[in-house]
Amino acid sequence: MTTRKLRIAMIGYQFMGRTHSNAWRQVARFFDTPFEPVLQVVCGRNEAEVSAASRKLGFEAHATTWQEVVARDDIDVVDICTPGDSHLPIVLAAAAAGKSILCEKPLANELAEAEQMLGAAQSAGIVHMLCHNYRRAPAVQLAKRLIDEGRLGRIHHYRGTYLQDWIVDPEFPRVWRLEKARAGSGALGDIASHSLDLARFLVGEICEVSGLLETFVAERPLEDGSGRGPVDVDDAALALLRFENGAIGTVEGTRFAPGRKNHNRFEINGSKGSLVFDLERMNELELYEEDGSESGFRTILATDPSHPYVAAWWPPGHIIGYEHTFIHTVLDFMRGIEAGRSPEPNFEDGVKNQRLLDTIERSHTNRRWEQV
Amino acid sequence: MTTRKLRIAMIGYQFMGRTHSNAWRQVARFFDTPFEPVLQVVCGRNEAEVSAASRKLGFEAHATTWQEVVARDDIDVVDICTPGDSHLPIVLAAAAAGKSILCEKPLANELAEAEQMLGAAQSAGIVHMLCHNYRRAPAVQLAKRLIDEGRLGRIHHYRGTYLQDWIVDPEFPRVWRLEKARAGSGALGDIASHSLDLARFLVGEICEVSGLLETFVAERPLEDGSGRGPVDVDDAALALLRFENGAIGTVEGTRFAPGRKNHNRFEINGSKGSLVFDLERMNELELYEEDGSESGFRTILATDPSHPYVAAWWPPGHIIGYEHTFIHTVLDFMRGIEAGRSPEPNFEDGVKNQRLLDTIERSHTNRRWEQV
Amino acid sequence: MTTRKLRIAMIGYQFMGRTHSNAWRQVARFFDTPFEPVLQVVCGRNEAEVSAASRKLGFEAHATTWQEVVARDDIDVVDICTPGDSHLPIVLAAAAAGKSILCEKPLANELAEAEQMLGAAQSAGIVHMLCHNYRRAPAVQLAKRLIDEGRLGRIHHYRGTYLQDWIVDPEFPRVWRLEKARAGSGALGDIASHSLDLARFLVGEICEVSGLLETFVAERPLEDGSGRGPVDVDDAALALLRFENGAIGTVEGTRFAPGRKNHNRFEINGSKGSLVFDLERMNELELYEEDGSESGFRTILATDPSHPYVAAWWPPGHIIGYEHTFIHTVLDFMRGIEAGRSPEPNFEDGVKNQRLLDTIERSHTNRRWEQV
Amino acid sequence: MTTRKLRIAMIGYQFMGRTHSNAWRQVARFFDTPFEPVLQVVCGRNEAEVSAASRKLGFEAHATTWQEVVARDDIDVVDICTPGDSHLPIVLAAAAAGKSILCEKPLANELAEAEQMLGAAQSAGIVHMLCHNYRRAPAVQLAKRLIDEGRLGRIHHYRGTYLQDWIVDPEFPRVWRLEKARAGSGALGDIASHSLDLARFLVGEICEVSGLLETFVAERPLEDGSGRGPVDVDDAALALLRFENGAIGTVEGTRFAPGRKNHNRFEINGSKGSLVFDLERMNELELYEEDGSESGFRTILATDPSHPYVAAWWPPGHIIGYEHTFIHTVLDFMRGIEAGRSPEPNFEDGVKNQRLLDTIERSHTNRRWEQV
């Protein structure tokens, strides 16, 4: 076990703050890591809340100004867990200060911002990583391995759906995720973006899209009870896709699918086989390969020591959960820091993903196919 | 039990000839029908083959010229089981002769032909029906009933995929279904059309589409061994959909999905619930309704006497098969003849379906959304 | 196609009469059969009902006295579809008359009767068959083939459950199946017997059992409304099993499992693999074989032409139903008649099955393991 | 958040040491706990290994003699993670020292030992708990809640199977779990015991059993390569069950079920509904309730804040893993310490569970039903 410390400053302490801090706490308890992470400081604007979060999440200290935190000498990593509209200045400052940066997705709400952040990170020569955690579910990594080994042959189809149902009730309030100024977009950037990132990871770059955005409920109660306000983001986002390698696909994100809680599902069909994954059963991967009379989709329980990341966990059949994908992410981020290279997905992927989202929006507006 | 005869002339005796003749043989054995069908004559061009088919399928007689058959006085129904490019003249003659017509889908390969057939049928005042058999799986009828009762609320999403894998091997020969002159189109007209018909049946009329057609294997071995020939139909057909009632959707048909044999699946999300159907498990319907802590997708085994058509069959849990959907079709066709009205789907649906397929093709060509 | 007739006399016309007559009507329409079956006569005690059934099921004639029917010169086969307590005299007479006999399970309600029937059939040298139709689901035949090929290695475990729920309501009336005098036993003979027959078919002979019978509802409303009457058969039957080949197992039949309609499920574990079948999804077989990191239970859709009986039906993915298992049964029965041998399962299996049921009852009574 | 410390001494650091230490580390990060656990000391016989484990698992210190550890003044809890044959003296000493005790299952390998431990704990008046972690999967707790609310009505059936496959290869070595002197029994005590504990938890006390134990592979390679040694525990354990409340059941544990990795499944049928749980999909609970034409087994994703323990974790559809069941266990243990009562399951359950295992073994030996 290492004794080298890696001192973490985490900006933000809500949902993503909880998943990231857990990852930093847990990673060295299960994996051989190049560093022992230290939860040095957590930063948030509300003194009382960030103080409580600091104790709850196990940080050494807390702070209320990210500018001071990022500038401190006693931190190595800036881990950004705030919403996308706040990332730009933090990244610029952290890069300028030479810190390694882990940034929660989306990298930015605007393509120009994302490009600026990538440029800053590259100029500073820092290690950067974007947290698209689902890439690091063992079953997804297994899918990647099988595709890279050619087990599926040439890929023809990607079929991605990320379905949720939390705003199907028209009386659900207009939270920040339903405001364009804060969230950038709705289902498109929040969840369809995960499915698009997996498409890029598993199939390849997307070159053309035909998009469709829809807002089913145009007005919702304001959270402060002061009446109703407009929803200016999409409730659902759909797109047809063309990949550079000749594959075609569909992607869909919606928050209006009753019963689908976190249904991030993809099906990939190649010339030699097919794969299916569903995040609600994230320890499983379905594989079809032609095998004569005994062909059939098989359910691989991705809990075998031979599967990516699994050897560090439990015996076969003992499943892991959602938060483990973040542990695997910080593991690879630490390895990247050790090696001096930015692991994928990094800010380059952040730019490409944002460009893809922009193109889908443009296609929707222009009602035609658009090149990415 | 009735003693009134309904004398059937069936044109064509291949795959669809087998399913239709079985339906006519079986329907009165299980249901109370207004007529007792008589398999009067089967017609095909090859004397030896149609003669063998006649005996095998249980017909009284066979013939080799459809013109003669359609003109016979001793038939009441013309049941057309030939490919779509041959339907027009048969329908025109049968309508002129005042016969009731059951026509296998597609009504025609061209919209203009379909419209001509509808006009002829309406002018002649005959009873006509289009055989889109999947509408009459009990689970699909149950889905329709639940939607009509408002159990799903306002429909937001339709997600239809009809996936097969029979031509994924590039050495699979160029059969007639891969020739535009014969088949009209590929996956679009053959299978995506089923998913579109179900969309219209369950959700409502489609007003706008953005389509994508793709041919992955451009040339295939000719069946006669004389070399290779071009494939001029689509291997896969995808579309984004907008419905008149505000719902949106996707539809996809492909013959390049290894492991998917007859995967005609749809998912429908409404404001109050969701439904899922998969033809490979056609006796099941998945239903989600909000029910507090005990909410979840339930698998309804659509084999209860209270489910459509089921009381005529077996006890709960004793499933029925593919061909039963045709039995239900001819049952309703006979009831339509008795009542003097054309059951749905009929030639009007044939026209609408064909218009939809045409619009998807046009949208593909123009690379933009098109109005249906 | 053959022109040789095989003239069928069917005794009984209720549920099993419907499945058997359908099988006789359909078999030559789909398979190449050595004979063309003729539905010569159906027999039942109630003149009005059997007359209606005759017309509905497609028989040439009907009769009300089985003794006369069995003695007729113009019949070749006696197909017995009545309850088990009536089989003995019919079989004895039919055997004496030299008819081929297909007998619905159970062969008898008493072991001695079953032995007498086997003896009579053997003495008369007739072809006999017991209708345990589930053996002839394609997925079950595929399971048998895989086991016989050694794909599972040495069999260690059989786990059979046949679960239904139709009498869980205590106010469900005391129908004939709940009377020992008529039905012989309850869940034991009606449904656990199917699971035991599959155990013998797939794993081998059972040599020792420890049984448990239970009646949860001791009294039920009489059907004629005249009050309540005792239930003297088992509501549920469970047993531990030892097979001659060293395998062990469990079997359970119950009519008290809400939601299980026809859940005839087995799981078999061998040294090299496992198999799972569930009658409610009777077109599927689950297979597990060790395959390194890609191991997993695969769902084989048993609808491929390479699967037993399937080539006569529909293309892959187009499923068949419950009644098809009877069609396959009469097919093999006809082939047995042609070959002059009694196909399995036949009256020998009837005796073995009945001996097994008797031993389970004895074990229950004696509260200890008993040898079969 | 509390500032009261609860100082933990953990005896053993292997598999269960990893799960327990993780639970202690994590519990206060997610739940509001009455104490803040402190990983005070971990104890094992091998100095080098326990030292490494101490650092890896996050303990303050390590020790090599449990006697010294248990006697220390600066610990509040003794958490026993060693195999069952070593529990007795540790428990006696810890109880005598007035420590709260959490003991991994089985409480003991012998009934008399278990009774002695219960007596000592009761005499000392300490808080004691047995770690049967699967009781505290949210889906299992939800099952308990539904049963307690009467949603299933009167329980008729319990059907428990715990299937694994890790020793199906005859060349798998004779590890300690295959030695009676160390492990007490094989599949019976290791895994069938879990299924029996769940039966007692969910259905009630078991009064009679008929058991069957089987060892398929009698000799295996010794771990030190010195040849082969006998296997004197069961490879598989099966039993028929009678419950005090009139329910009946089956339970089975085996390590010879290829493809079943951690298949701890139960199905419970009551007069009003059914429940199904499978540990390999431990975030799901299947529920059936009669609901007319729309009845069906529903899959409840037990990730809703309204489900037991879930509010502390992630949003709906974001699943948790195996180790979380231990976190819930130590949470309730801490609450028990705070309240001065021993939470269930505790040493009383340990005694009852051991008595049940003993009775199954005796039934197997005597080849008859035995009273518990």
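Note that the chains are named A, B, C and D in the order they appear, and that numbering of residues resets to 1 at the start of each chain.
In this section, a contact is a pair of C-beta atoms (placed from the backbone, for glycine too) under 8 Å apart; a residue touches a chain by one contact, two chains touch by 3 or more.
Since the model is a prediction, treat every value here as computed from it, not as a measurement.
Visitor: Any chains in contact with both subunit B and subunit D?
Guide: A, C
Visitor: Which one of the chains is farthest from subunit B, going by Cα centres?
Guide: D
Visitor: I'd like the Å distance between the centres of subunit B and subunit C, where a centre is the mean of that chain's Cα atoms.
Guide: Chain centroid spacing, subunit B to subunit C, equals 35 Å.
Visitor: Compute the distance, rounded to whole Å, between the mean C-alpha positions of subunit A and subunit B.
Guide: So the centre of subunit A lies 42 Å away from the centre of subunit B.
Visitor: Could you state the distance in Å from the CA-based centre of subunit A to that of subunit C?
Guide: Their C-alpha centroids are separated by 54 Å.
Visitor: For subunit A, give me the residues that contact two or more of the other chains.
Guide: Residues 260, 295-297, 301.
Visitor: Where on subunit B does subunit A make contact in their complex?
Guide: 156-157, 159, 161, 163, 165, 168, 170, 210, 212, 214, 216, 236, 238-240, 242, 246, 248, 250, 252, 254, 256-260, 267, 269-274, 288-290, 295-297, 367-369
Visitor: Subunit B touches which residues of subunit C in the complex?
Guide: Touching subunit B from subunit C are residues 1, 15, 19, 22, 25-26, 29, 52, 55-58, 164, 166, 260-263, 279-283, 301, 303, 313-324.
Visitor: For the complex, give me every residue of subunit C touching subunit A.
Guide: 142, 146, 286-287, 292-301, 304, 306-307
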